[in-house]
């Protein structure tokens, strides 16, 4: 299996905030071009890569979605050289003070840091407890007149923590949600270069998952696949998550998870579980009773409905600039996907049944 | 244009009950559109131009309102909101029902202290003494009633949100003597309850790109710190709001047109609130969208204030965008 | 021994970067100590390391009535110590020195003698409630994560990950407090001041109670002392109707002369002396607002029979956080003021 780490590191070093996925889309397109037969971009900026199956047309089609957008921030106001912020995607404000960022001005990228202002500069009511986002500021180190000419309301601000390898083949950085899944999807495409498959495969790097699931909804409408798989990160056990959320966290580096719940088709869960067991890939059941909180939520109800499945890659500290993922889990996910695809029979969809609703 | 604005804001049409405003707008654009139709949810769709890039421009014609939940024994009318109706904008307000009945909003006396109660602790007093005499019943619909006020540079009325957007769309349609594009001006219904008209009309039209014209908030009165938006500094080009991110290509296109035509503009990042563009963006295979906003003070109150020059500049900007052939990168 | 006029140029900025990238938490200053010893050894007459780890260097002057001048720059920084191993690469930690816990979550760190990378993660927002998010995260709720295989022992120390940058007029880095002071003192030792015995103390454990300076002052028994440090600039805009009256110092206005802080009332003779020197030489300076944080001056002033002191600092924003911000010009002017002042010190300075 090729070393996915350099590609993954490049993915998490490129900005790609929701609706502004250009830079990361470009990297993915370059990587996928030699791996697929056709590549195109949707109306909302999602990347569609088609690898044709070898069955005679008309062939059924499988869509695999991994969102490429990442959370970040946007400038709402420039005040005496300091920048006020709004979030794009959900961010726990408590992790922001002291975070290094890049401010993407119209002409230049500017390094900066999110700072907690002196408490006395805040209204009294705002000094207690966690400092709210409306009071945090970005300092770029530049003089106010320079900032006013380089930065405007609406400019993007992305995290600037560099990728760092921790012990035990583990990578830390920002935007591993969901670039880790894009890497897994890429590994799958690489495996498929030497594994034949009957079905058409649409590899889709979706846009705007963190804001509206818009890329997934519109790509599913457009491609109208017979089956859909969604790759997203899930919660790995890490610091601070003891308590009632325990059932939602999984050990880091002990295999991907398989989604279970109303949003996902139980027949697909069964098939993936059987396959993982055969391949000796450890997997865990990842429960979301109603809404999986991923692109699957939009895809399942596109057009007249699409049987959808979710594979999760465990990730510590989701939605912080120091997310942590095990490279092995990414590799396992890529292999599991490729094997599933290579075994897809033409009549798979007709065999999807509802008898096994309890996952047995 | 002030007369048009007054005519539109004076019309009674809460979400779901847009017949009256549709008739008014239809009469205003008759003769200027190439084709007009009304779709299944009551959207008024006016096409200008044929062939060329298919563009949808949405301005919602519904306004927020109130609906009767119960008339009590003494004839006091309990109500709920249609769209974003906020307690702080209600006490002492005057309303008018679809059947012409008028009334005043009162507060339940059992409410203690200075905190504003929720809607269910308020009522509408229509001046009767018992239920039998009450001219309205459960399910009846009302809207704010306030006279239009011309302060010279600033105009005040109820339902500037979004009759001002409709006014801009009407004026742009009239000014657009010819266009290289196929433009669908859609006066949408039910925006205030979830951008519903926009979603279905966009599905039906399937445009290649689009934008909405709506009001946005304000940041230039005492104590307002978070929103960098002022009346009189030009219409706003929306980059983001609480429900969506505008397509960057649309934002760039709008900024380029404003700068080329020397039209003042502001960049908008609105925390909270959204417009028809959000619904348009996610329809079918997706539509690149943006929004042109009119800065508006006291939004969703009975006295919304806009700057007249901002409105005129918005008309100029919309016209400048729609006239030449549109090609996004 | 090369003698030249101390100044801030590219080489000095590179030295500052080296110092800032070092991990030298109070009680574990070795890495910084090594850099200092290496830099100064060929420029001084005597150097030793005392029982607490202070570097004490002497540059002898000439002439009969010369004063013993002690210059102090603390070389420690705030940081953490790992206190318990919870398995899977997660460690409990305690902060050393005053770090606002609100600056901890979501940060990259460097831990141990072997400088192993780690992160201080935080629970995913999806698993928190709105109520929870209103309460700040405390040190006890957070863990340092170094990955499942790291063999790091408890007791090791760490800091925020090094991140030095020169951006336009600004220097942005962790531990500008007090590597700016250390770099300044190193540079001064490369100059020549025959009019004084220059006693340079690179002291330890300032951040946890001004510990090193006390013993250094006992050792040197100086006639006067100048403390070189970095002081906070709280010069951000107020977020309500009003004026910022609590800025302490401001970026861009030059070195800050202290008149009073929580540990000392600076000697008025020395305060006025520095002002005169600055005005004569055309060097901008500011007076730091009285009150607030202590410097090592307190440790010198009450040593033995007492020593007149003054503190002079480079202003910097966001002290004790992962990234502070200072102005290159303020540093240049601090060094220039010290150089001009030291050359003019005579016994007359202390006459009453």
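Every chain is named by a letter (A, B and C) in the order it is written, and numbering of its residues begins at 1.
Everything below uses one rule, namely that contacts are C-beta pairs under 8 Å (C-beta built on N, C-alpha and C of every residue); 3 or more make two chains touch, one makes a residue touch a chain.
None of these values were measured; they are calculated from a predicted model.
Think of the whole protein's Cα atoms as having one middle point; the chain whose own Cα middle lies nearest to it is A. Ranked by separation of Cα centres from subunit C, the top chain is B. If you average the CA atoms of subunit A and of subunit C, the two centres end up 42 Å from each other. Chain geometry summary: the mean Cα position of subunit A and that of subunit B are 35 Å apart. If you average the CA atoms of subunit B and of subunit C, the two centres end up 58 Å from each other.
Counting partner chains per residue, subunit B shows two or more touched chains at residues 225.
Within subunit C, the positions touching two or more other chains are listed as 239. Residues of subunit B that touch subunit A in their complex: 225-228, 239-240, 243-248, 251, 266-269, 271, 278, 281-288. Of all the residues in subunit A, the ones that touch subunit C in their complex are 79-80, 82, 90-100, 110-111, 113, 115-118, 120-123, 126, 129-131, 135, 137, 139-143, 146, 161-162, 164-168, 170, 172, 235, 237-241, 245, 248-249, 251-253, 293, 316-324.
By the touch rule above, subunit A contacts subunit B in their complex via residues 18-20, 22, 42-45, 74-78, 84, 86, 88, 134, 152-154, 208, 211-212, 214-215, 217-219, 221-222.
Residues of subunit C touching subunit A in their complex: 88-90, 100, 102-103, 105-108, 116-128, 133-137, 141-143, 145-150, 160-161, 163, 165, 167-172, 234, 236-240, 244, 246, 317-318, 321-323, 325.
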